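The following pair of complexes shares a single chain, chain A, combined with chain B in the former and chain C in the latter.
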Partner chain A sequence: MRSAFLLDLAQCIGCEACTIACRVGNELPQGVRYIQISERIRGEFPDLVGGFDNHRCYHCTDAACVNVCPSGALFQEDGLTRVNWDACTGCEYCVSSCPYDVPVMNDGVATKCDGCRDTVNAGGTPWCVETCPSDALQFGPREEIVAEAHRRVDRIRDKYPEAQVYGESQAGGLGVLVVSPEDPARMGLPAAPEVPTAAAVWQEAVKPASFFVTTLAAVGAGVLGVIARRNHLRELAHLHGDGGGEESGGEHGHGGGDGALPGGGDGPDPHGAAAAEGPGSADPVRTDDEVER
Partner chain B sequence: MTETTVEREQTTEETVDRRALVLGKRTLRPVEVIEGEVKLQRYRPGQRYVHLLMAVSFTVLFLTGLPLLWEPLSFLAEGGYTRIIHRVAAVGFLAVPPLYLLVDREGAKELLRDSFTYDRDDVRWLLNMGRYALGSASQMPPAGRLNAGQKLHHALVLILAAGVVGSGLTLWIVAGDLTDAQLAWSVLVHNLTAGALVLLTIGHVYFTLVYRAVDRMHTGYISKHAAELEYPKWVEEFEQANGVSLNDAPGQSPDEDPSAADDDEGPRA
Partner chain C sequence: MARADLQITRRQFLKAGAATGAGGAAAASGLGGTQAFAATSEDAWYRQGEIETTFNVCDMCPWHCGIIVHTVDGEVRKIDGNPNDPKARGQLCPRGQGGVSFMNDPDRLQAPMVRTGERGEGKFQEVSWEQALDLIAQELNKIKERSGPEALAVFGHNAGDWWWADHFAQAWGTPNAAKPSSALCVSPREEAAELTFGFPIGGYEPVDWANLETVVLIGTHIGEDARNTKMQDLAELHGRGGQIIVVDPRFSSAATKADHWLPIKPGTDTALLLAWMHVFIEEDIYNHRFIENWTTGFEQLAEHVADKTPEWAAEITDLSAEQIRESARAMADTAPQTVIVPGRHVSWYGNDTQRMRAVYMLNVVMGAYGCEGCLHFNEQPYLDDYSLPPYQVEGAAGGCAADPDDDDDGELLGELADGPTGKTRADGVQERFLRGPVALQELIEPMISGEPYRIEGLICYATNLLHSVPKTERTIEALKELELFVAIDVLPMEHIAYADIVLPEATYLERYDDLYALAHKTPYIALREPAVEPMYDTRPGWWIAKELGERVGLEQYFPWDDIEEYLNTRLRSVGSDLDDLRSRGGIIVQEGRPFFEDFEGESPFTTPSGKVELYCDRLAEHGQDPVPEFEPVEEPPEGFFRLLYGRHPVHTFAKTQNTPELADLYPENELWINVDAARDLGFADGDRVVLENQDGVTDGPIKLKATQRIRRDAVYMVHGFGHANPKLSQAYTKGASDNRLQSSYALDPICGAAGLRVNFVRLESEA
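Up next, the complex of A and B:
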């Protein structure tokens, strides 16, 4: 089942109960917050409009963080973006790539809201939703949440003519449907949060292709190498009448030059170098005089 | 001298020679008789040590980078230790070009020049490289110090290494200042160039094993027969540069050659 949150910014009263419940419920360390509330005042005095921004993970379907995560520490489940902290390598790619600037580093590991995975799996409700006193937050099947978001927008449209649902289509559809009383851009929400093209290209096409090509090359080289090496040994035997050993050190030339190149003269060597050499003259080990010296 | 005496003295000398050659402890001559086989100096000690540094650092970079690309191995990267090792190895990899210039400036310049200079034989060689890949070198167009495949390999390594180093330094030093797209492109370039280098390395190891060339980099010497078969034009250059005639003077000792006295410079070709 694809789950989602409802975040009704027209209902939010900025009490920060969700922030505190999230920190306590998830036992977050000092300094780490998955939700940040900030007051936003727009317009000019005396025509001021107040509201609260609710900065949190929006659980993108086309999630940049999941795409760039090299270790699978970030993954998707039930329509939400989860985190396996143990698998995080601390590369910080997710921190840099998130269009909402959500993941943060804590003790060398990336962290962010995981939709209260354990709590929900145990039959509970995410801490922020459980605590919200103004009915600004809900959690449930995404279809129901989308429908509820549209109902709420319809209800407030008289008061907020620009009200709209944010998150239905952005980044493949968000796991947080926002009831925005104004143009979402003015609420600090990007109109088109997307996975960087290069990240998508890498994850979807280049990475699997690279693994395929590299594996094929390694296996192919292994098989072809056996054949090619055999061919080369045969060639050396044809040219020199032996294994022509070099690396082995023991196949060729031991016992001096005599007889080392019995096949000289009839080989296919076009350069005439080895082929022109006759037996005994081809492998010029030192003379007795030189050895004595 | 009896044959037994020759063999005993050669064995003693060869054992010392080989170890000293590998470690680069003794003065090296352009032509050596190693384990009874005439060999030509192909790589000077500085070149071999730089190659070793590059091989070791690249292997470590590959092994510590793989957990970030292949999820079954990602547990190895937990805690960020592989990232630290990756960066230590990266420093070694980065040190290769300046170190090469420091220990063997001529060799580095020669490598750069050869990698991007191709003559007609090289083009013909490349057109026929399938035959070489299948283990047959005798029918190939004559090659110089490097065959065209090696030239192309080195050229690609230089270009790809620039890409992998540039993107790697970007991810290391300025990742926090990049936009989403810039970061994603840096990761893509880094992964792609590293992957291409891995493919080139597979090819490098393939040809090394097929043509039994491990010992060439290990000792710095190539057997005369292999050189004549695979690099005939280089052998000619080698003979001219070092004033030796490998075929006409079977007993030619480098000791007798005045040009061999300048051991530190190694072979001239």
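Up next, the complex of A and C:
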């Protein structure tokens, strides 16, 4: 089933309950936030408009981070972009290629929202959605979320004539459908996010020598990489699976992460989507011109 | 996908998690019931063992949401809103989510301490509870023998203050018990309601949001003031296309959702309210039926506002006459499903009871009371008190809403309760102001001057004295004069350094408290029970009160064996007990009488006339305006800005700035200043400045937030920062303290509240 989040920026009042619920529920290490709220207000006193930017992973279908990840640490499942922290080699390609500037490095490992994979698989709701007091977040089957986003836009159009749904088509369709009260570009959401392919990133952004080494490490030494990193990964205790890969069941074949390791047998081919030529820009598109704080 | 379904899903999920932890394998249905169980994350907290669930009432702010606390292996791991709770409805605000971090703050007070250094030095020696309590009892008895029990003041704030500012104080026999939640917060609102309707409207603004069509917020900054229910209500209204009108000198978070934002000049709200009433009456768009059936004094009101035209108010408020007319008509369009929310902290300018009366009167002019989508009537739930002998003095602090003078005889000035040696309240009530709960800030001076008599001892329960009471220098001087100063708290707040004896309390997650009997559209009773044993050598407030009471001869007021017996006894009056309450999800909801039809023809109003008194004879008799007048407030001196203050969604009062999880999100406050005003002074966004107020008091440095979101004549900061105790490792020296810069206040002549927005600051570069 393709899942998705609804993010209603017309409703968000910037309280940051989601940010904290996510941090506490997922036991994120100090300094790591999967959701960053900032104000996005423009105009001159007293003619002001705007609201709050809820910056988070948008779970692209054509996901730059997945495309460029040489180790399979980033992969797709249920329409969302997941993370297997154990497999990350710290190459930072995802950090530099994400059109939304989402993944961050923590203790040598890239991390970002994984859609509360474990809690949702166990029948729960993402922590941010559960607590939101402003009815700005929902989670469910993507088609239901898309429909809800359109319902909401229709309902608020009198007040917000430019209101629209963002994320239906961008980057192959996002796993976060945004109800934008105005032109999404003004909310920091590019109409056409640039999704580089692995080939482009590797050619343009990575020196051949380090590329060779990193790729070797990723493809050939997944297990060694896991062992070497296990200690600092304890900090990211919330989701890494370190059991035997053969135990991970599930029809998608990468439950918990080990299955997603290269060579694990049933993981996705992280490079499969990377063969085609892409736009090749690694520059983050998001601009913060209008952010005041 | 309804929210209720999501909540159920969550509970099932947590059960599944627990089962996995215990049994090693489990299956849980996915959201749509189709997903196979695929989780292998064995390190997640919810797989570390059996998940224990306890019910509690959040204490991260005074809104009192019901919460469910998830504990694994004796550690609190996650807190969720209680779906059964009429306020939380399954959701929780950022502060509530930070409760785990609050409890685990390593800076907490950990053991009873006795002062060894000078007052203020912060030097203490740890002692046993036995030693600390014996010492306090001995000193309390000395005060009683020497000067009578009235020479002890008791301050209390937040959940748990009942044991001290109400119960202990009344049993001991002092009328000098006070809560900052009255005179530093809501008492203008409550006294205005007493005068207008005959009863306080209660601590939780009674608005029937579910059926509301237009909300008017005057200074109420929902979203930054993150009261969970209010955020949900405002969001729900906004989501269904309801109208939002915001009156605020700042483009607040709520203003970003508004249809009309009125950036009013601070201190002129009453002029706007009078002009709005003028428009309603002039254009004959007021609610005739309500006025005829339920009010007295409409003629006088109409006459009073006849010349209060929008043009008159425009001059005063710095709004346009057109804006005032248009917003009034917008309110009339949906009236009576239009409510001006009474707000909470309303002690702004010293004339606040009159402004709050104007707020109520405008609601009444629209007929927005006692029907769906209007203000509704609030009722306390039925719940018996534990049977006790009569108190030594009745009605001490009286809480946010109560007026201890009020004996329902219709007289404005009731008979004041005396203490056992015949002394009544030392706060100057009936001399310097007319009535209302004890004014906390007025008990400071008697500690220094001895007038009308000297307050020699203070028990301070969770009241952040140096971050809430204006004139902090005077407060420090008073604390140094005391013969006995006992501080009970969770964290080493600044005033702790002046205490003789410090008692560390267990947090709300580690203790029982009295039952929460909350007035609401559906009145209800909520349980606070401990999720874990108290950390360190801390104890619950109820235990400390009982132990101390028994040591000072008040054992007849503490007859219960333990807290469970106390709670079970009270619960029996509603046919319940602790086990039953737990089985009901921690909440007992009762029927309320929110609307007129629930009163079966009787008037719900309890003024002398039995009606809403638009013209108040009782105020006239005591030399106060019977209908609110606009009184200009002092203008900022040349080069100064009016100092406004408010909330940030992740913080409460001066209480949470040290909570690691919350401090991480908003570590220091900023000074909002209009970007043009900053530029004129040569400052830019992000600069650090020192603030000097009109009395030469300085504070800071504080970072500038140069923004279009505020008027040029005022600056704004989030309250509660600038902590000066180095023992608060996160909050120490972060940002500036609005409270230290409040070296002046304006006393409300009706209710004794301290108006705090009468201070001005100028900016200087950081040295």
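Things worth noting here:
Rule of thumb we're sticking to: the second predicted complex is superposed on the first by the 195 of 293 C-alpha atoms of A that agree within 3 Å, B and C clash if a C-alpha of one lies under 4 Å from a C-alpha of the other, contacts with A are read in each partner's own complex, and residues count from 1 in each chain.
In the analysis below, a contact is a pair of C-beta atoms (placed from the backbone, for glycine too) under 8 Å apart; a residue touches a chain by one contact, two chains touch by 3 or more.
Since the model is a prediction, treat every value here as computed from it, not as a measurement.
Of the two partner chains placed by superposition, only chain C is touched by A:Q138; chain B is not.
Look at A:P184: by the touch rule set out above, it reaches neither chain B nor chain C.
Contacts of A:G115 after superposition: neither chain B nor chain C is touched. After overlaying the two complexes on the shared chain, residue contacts for A:T89 are found with chain B alone; chain C is out of touch. Of the two partner chains, chain C is the only one touched by A:D158; chain B is not. With both structures placed on the common chain, the touch criterion links A:G175 to neither chain B nor chain C.
Of the two partner chains, chain B is the only one that A:P196 touches; chain C does not reach it. After overlaying the two complexes on the shared chain, residue contacts for A:P103 are found with neither chain B nor chain C.
234, 239-240, 247-249, 252, 255-257, 292-293 are the residues of chain A that lie in the contact sets of both chain B and chain C, per the superposition on chain A. For chain A in complex with chain C, the touching residues are 1, 3, 8, 10-11, 13-17, 19-21, 23-25, 27, 30-31, 41, 43-46, 48-52, 78, 117-125, 129-136, 138-141, 144, 148, 152, 155-156, 158-159, 234, 237-241, 243, 247-252, 255-257, 292-293.
Looking at the complex, you find that chain A touches chain B at residues 64, 68, 70-73, 86-93, 96-99, 108, 196-199, 201-202, 206-207, 210-211, 213-214, 217-218, 221, 224-225, 227-236, 239-240, 244-249, 252-257, 261, 267-271, 273-274, 276-277, 281-293.
Taken in their complex, chain C has these residues touching chain A: 1, 3, 6-7, 9-10, 12-14, 16-17, 20, 28-32, 34-46, 77-81, 90-94, 96-98, 100-101, 222-223, 226, 228, 231-232, 234-236, 238-241, 251, 253-257, 259, 261, 263, 649-650, 661-662, 664-665, 670, 674, 676, 685, 705, 707-712. Chain contact summary for the complex, chain B toward chain A: residues 1, 6, 9-10, 33, 35-38, 67-71, 74-75, 77-80, 82-83, 133-139, 142, 175-176, 178, 180-181, 183-185, 187-188, 191-192, 195, 198-199, 202-203, 205-206, 209-216, 222-226, 228-229, 232, 235, 246-247, 249-253, 255.
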